[in-house]
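Labels run A, B, C, D and E following the written order; every chain starts at residue 1.
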Amino acid sequence: MNAWIWGIVGILLTPVVAGLVGGIDRVITAKMQGRMGPPVLQPFYDVMKLFSKQNLVLNRFHHDLVICSLIFTVAAVGLLFAGENLLMCIFALVVGNVFLVLAAYSTNSPYSMLGADRELLQMLAAEPMILLAAVGIYMATGTFDINLIASGTHSAIQYLPGVFFGLIYVLTIKLRKSPFDLSTSHHAHQELVKGLSTEFAGPSLALFEIIHWYETVFVMALIYLFFASRPIVGIVAVLIVYFLEILIDNINARVKWDLMLASAWVITLIFGLGNLMLLFILK
Amino acid sequence: MFEDQEIVTIERSELISRAQKISKEGYRLVQIGCTKQSDHFQIDYTFDKEYRFYNLRLSIPLDHPTLPSISHLIMPAFLYENEMHDLFGIQVSDMILDYQGKFYNIAKKAPFATISAADTTTEKG
Amino acid sequence: MAKRTIVPFGPQHPVLPEPIHLDLVLEDEMVVDVLPSVGFIHRGLELLCQKKSFQDMVFVAERICGICSFIHGVGYCQGIEKVMNLDIPKRAQFLRVFWGELSRVHSHLLWLGLAADAIGFESLFMHSWRVREKVLAIFEETTGGRVIFGAAKVGGVRIDISQDKLDQLAIALDEIQKEYEPLAKVFLEDYTVQHRWSEVGYLSKEDAHQLGAVGPTARASGLPQDMRKLRYGAYEDLEVEPIVETAGDCYARCVVRVKEIYQSLDLMRRVIHKIPAGEIETKVTGFPQGEYFSRVEQPRGEVVYYVKGNGTKFLDRFRVRTPTFANIPPLLQMLKGCTLADVPAIVLSIDPCISCTER
Amino acid sequence: MELAIFLIFFPLLPAVLLVFSKNAFFQKWITIIASTVIAAASVLFAIQYMKGSGEYSTFICPLPNQLIMIGDIILALVFLFICRKLPLRRYWIPLLVIVQYGLVLFYDFSGRMPEVTHYLYLDGLTAVMAVVIGIVGTLIAIYTVGYMKHYHHEHPELSNRTHLFLATIFLFFSAMFGIIFSNSITWIYFFWEITTVCSFIMISYSREPIAIQNAFRALWMLLVGGLSFALAIIYLADSGYTLELQRLMMMPVAFVLLPVLLICFAGMNKAALYPFGNWLLGAMVAPTPASALLHSSTMVKAGVYLVIRCAPILKGTTAGAMVALLGGLSFLAASAMAVSQRNSKRVLAYSTIANLGLIVLCAGIGTSFTLWAAVLIIIFHAVAKALMFLCVGTVSHQTNSLDIEDMQGLIASMPYVTIIMLIGLSGMFLAPFGMLISKWAVIQALAIRSPIFPAIVIFGGSLMLFFWTKWFGQLIAIPNARQQNLEQGIGIEWVALWGLAILTIAACVCYPLIGQYWLVPMYGWNPMLYDKIELSIAIMLGLMLLPPIILLIRKKHLVYTTPYLGGANVANPQEFMGSLSSPRPWAFKNYYLTRFFGEEVLMRWTIAGSIVLLILMFLVEKL
Amino acid sequence: MSIKKSPWIIHYDGSSCNGCDIEVLACLTPLYDIERFGIINVGNPKHADILLITGGVNQQNKTVIKNLYDQMAEPKAVVAIGACACTGHFFAECYNMLGGVDTVIPVDVFVPGCAARPEVIIDGVVKALAVLEKKQQEKVTA
């Protein structure tokens, strides 16, 4: 029963926390760019405004597919907070992502579909590292069960510094930040217009933003799991990592997909797999 | 300080050979321009080599103005030639990329050819 | 593989501040064919010379483009001045160089910002434009306008800058340089910037010459071509050496512009140092009769003004060949075989000014 | 036991009948009735042996060796007959036949073959395979009836030999049941070569030069496997150990590792693992039902079935690790190359190789958990992949194209086929459908082993996600204009399509049941079955019900608009105002990343790598 | 929630001389920083609330402007920036010009200037916010 409550709390709190984090992100980014930036609550204003707008669609399915994507992404976060199987949570997130890509495909509009293909490329680049991190956590803690990982006595980080680094590297992809915001970026000034989300208008776009909030919380929770035995350290680590991502966003141009894919895989192999091999041999 | 500008008047039939010669000499095309005069179109092909200004000038009649294209010899010429076609109504044959009169996509046909400068000056001057 | 992705790139596209349209044909992300179209901004302002007097045409010339507005005005005035055989006071010529070079700095900073933005480097965009605002502040202090200020006129300039002000400006220029230096370093050294620009949009020296490239586009391909070497106006007294790079890619074009900002700042200091006292304009009487091709160096390259007067207050012909127009054929060459992600970077690398191009 | 014998011999009846019935009506009903009987029998058989711990046959076979000998002689003659028209420079194909049969027959004649007491062995694994062949196979057979009608309608230049094609299918069923039920290795070998013949007949069906050429390539590659099998038999006969598969698996590893590796080699060869993967791609010229039946859901499964059978010996050995690595390499390379393919059948072929590789990877490691996952993949893959092949076959009939890019917006013109195809695709990669559950099980099972294995699965899985999703997306890219319905003329095929679609979903829903009642008795309890996981899978499944529901609800607040085309829109949403100021259609084609994942880039390395691994596999055995 | 707190803009260059364009862009940058008001330049008509147009309308871009306007979701507002966008300025006399933006789409706010200064542009956008809010309320009541 406890698990259910945790899951629901996670689902309910995520938009609040992620929205606030998003607002703070925008303020910090603005400061780094020598500007004042928007109010901290701006992400909420944006989403609420989007809900109040007309729902422009190209056909009657793509809005629905965004809803499906939201359902699975929410489920992923819910399962994560409920302490379910880590791999299953990641797969749920992947399904959510796939639905998002399908939504973009279903619009049958060139920029949107190019964005969909780019999003697939991003998944191709990021997914191995994330799953490998889960395997790493398993090797370090002996379980895929998030409850057990979280209540364990030692943190996975001490065994998995390489995996942790690799995860931070691909985190930029998941957070849609420079240098890896290829499929759709927070700023529209890219060659694909808005890529994946080009055709989402009004409520659809609002849902897309919310999906992104859940995704953000999901990957941050993944970071937290590395420090699970010491909650305070974990939260501090999450904050530092997020700040680092903002910094990276601000000091990098957007790279091209081939570099993204190649570098993400190389990092995954060297730091992720290398770390695991060492762990395997030493244990 | 003003630069010296060499302007050579040629015949239309000479155009291709002159253009070929001058581009072989290492001149680059600066511009192709057209000016409507009271009885003819004055066409200027401006070239430059190491800051040396060299201009070929030829004139063609106002009725059914036609020109051969030099874009086969000097690729950038196609832009100017399409421009001349749209603004002055000059038919340029064999351009490497012919926009078929849709280069500027203007509603009015050959605006520079219909109003003559001399006309307006007499009206307003 | 006959099946290819075909997308319209523009006319409205967030990376392009101005409307230009390309039919892009892609295979995966590789550009296999590109066809440009223009005319979204074509106003037909050359024909205004039949409705506005040759002196009013200065304002039209300035509004050919709002970025290099001042030099457009100067180029036009110079043509008329040659046709009318006017002798322009030295001080006016120096002031023209001062504002002209300041325009170059403003334009290049603007370009640096936009180019950074096109490759997703927002903070660099912001900081470039932050520095640019200081340049605009100088315009505002000296002329009252920020981007279009109508300081040039046939026969000289409209406004003088006092000696005190000039001294203050020297300090302001130093400050701009100080703020600009770290920025320039990022453009020259950052890894991701190099990844996006190095070996992208290559244009060989031969192609650059053959296809008639001008300005930084030509200079980045190794052509030492700078119309300031014609020593028009006050450049007679201010020696300028073209800044040349040989790599011929987008990165080289960026380097040329980054270095030209230093060059221009330096030129302005020399102007302040050397500027003679005296009148700022000569009286203009009569109407232009005759023709001249006036060539000056814009931030984007060589601009050609053809003016032909017929002895009335209206010109017979007023024609502009702007640098972007000349750079379109090289651009098409550069776009061959690039990837979709490179398209904005390459298009912006010639610093396109569509409103110049289409007039 | 009787059921097993029935299943081996019964299909021969329709096979013989079909050879003589050129009438389409008879063909249809013979196929339907025989298929129903086989399906029913195999289900009965599965129920009977699901929980059983394995049962040996007790009957005594009169003149066993002599029977098989005669069979082998006939087969050898058939092979030589097939090769009769081959040019001399391809001498090695008949040579392969002569060498392997020469050796086997020599041992047969000299009477050195050890005695076999239990000719058949039936357990849970055979039950799984029997169901796959009996249900998936027969659905494909039914589909074939409808398919061939269209096929000949479209290719009037080909002579109609549908009756032979159908007969071959039933002959093939018989051989397949023979392989999985037999305990005698010589018997398996006999049936094994029959499937090779069937494969040849089906690939060369159209008798076009390319088909003949690919059929011979498949033939000689499969004969290499046969040779390896023959060598294993001779080794065992020579050393006098045993010719019973089950007893072989109980022998000390050191004695029998070499023959087991030879058998594994034959299995991997049949499963089209690299370096032999290319015969499977060539086999795609066959009519689609053949691809579905032989080259994805059953015959190639016989290969992995054998490797799974060998798992007890492979487990924990270095050679076993090499087998696993070979499987892993095939999985990774085939998934990667599938990314660069736009021909739907080739994508399916590559993904088949990939999945077979994954199964072999699991079998090579051979722990109970990995075998658990391997069997799961066999089930899910057989169902979903057969479904995909049949869908692609139907689509290609209606649209005359196998190109995935031509399937853009197929949902508008062929809604039902597309929905079925989407079910199949979901089954291939989307959680919580079959393949993803299997993949998850694999990662779980492998995580305790060297991290190399989970890494292979993870990378390959990501690649699969890429190419499946882009296909999926292309199907549902909804066109802006109304499309003509192209589903007329699909007849009996619906039975197979819907049947397999329902099976795909059912297999997924029944996952816990399959686990508990089928796999647990075979491989023991698995932590993947505990309540919590089942709960999360149940939640995911429940959520999966939502998308169709959401999609069906009509919405009122939507406002329809046109696609973003940079403001260059024209009246037709499929066009934009082009540079020459005339409307030009825009187009979208997917990424194929040929620079990274093209065949030219990867094939050489894959073949080289797999050959090295093969050599290593036999070398480490020697050490 | 009021649309006032999060107006997203899209900018299209009609046929301006770039003067107003760069001033619009300057609004985004540190000195003026319109993100203070939650304004983002989204560059995609489907996401935008306010269409900023600089420069007048000519033969070729009239359909583009119309397309962009049609693709925006209600409620939406249009701001014409600069003298050219308001009336065509002295380009109105040119043969290829149709005039101000209001010749093709309804304009809610006119911002004067040649080139319009960033302060005035921001002022114009803020005026457009009131228009947007009114439209939103009308939509709610309707």
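Operating definition for what follows: a residue touches a chain if its C-beta (ideal position, glycine included) is under 8 Å from a C-beta of that chain, and two chains touch if they have at least 3 such contacts.
What you are looking at is a predicted structure, and each value in this text was computed from that prediction instead of being measured.
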Other chains in touch with both chain A and chain E: C, D
Fewest hops from chain B to chain E - one hop per pair of touching chains: 1
Label of the chain whose CA centroid is most distant from the centroid of chain D: B
Chain nearest the overall Cα centroid: A
Between B-D and D-E, the pair with more C-beta contacts: D-E
Chain at maximum distance from chain A, centres defined as averaged CA atoms: B
Approximate Å spacing (C-alpha centroids) for the pair chain A, chain D: 36
Chain centre separation in whole Å, for chain C relative to chain A (CA means): 43
Chain C and chain E: spacing of chain centres that average the CA atoms, whole Å: 26
Centroid spacing, where centroids are CA-atom means, of chain A and chain B in whole angstrom: 58
Of all residues in chain B, the ones touching two or more other chains: 99, 102, 104-106, 111
Two or more partner chains touched - positions in chain E: 12, 29-30, 41-46, 60, 64, 68, 71, 73-74, 95-96
Chain C, residues touching no fewer than two other chains: 5-8, 11-15, 19, 29, 37, 39, 42, 44, 47, 51, 126-127, 130, 358
Listing of all chain pairs that touch each other, if any do: A-C, A-D, A-E, B-C, B-D, B-E, C-D, C-E, D-E
Chain D residues within the chain A interface of the complex: 408-409, 430-432, 436, 440, 443-444, 447, 450-452, 454-455, 458-459, 461-463, 465-466, 469-470, 472-474, 476-480, 532-533, 535-537, 539-540, 543, 546-547, 550-551, 553-555, 557-566, 586-588, 590-591, 595-596
For the chain C and chain B complex, residues of the former touching the latter: 37-39, 42, 44, 46-47, 49-51, 78, 82, 209-212, 227, 229-233, 236, 292-293, 295, 302, 304, 306, 308, 310, 312-317, 319, 321, 325-326, 328-329, 358
Partner chain B, residues of chain D touching it in the complex: 580-582
Chain B - residues contacting chain D, complex: 99-100, 102, 105
In the complex with chain D, residue positions of chain C that touch it: 3-13, 19, 21-23, 27-29, 35-37
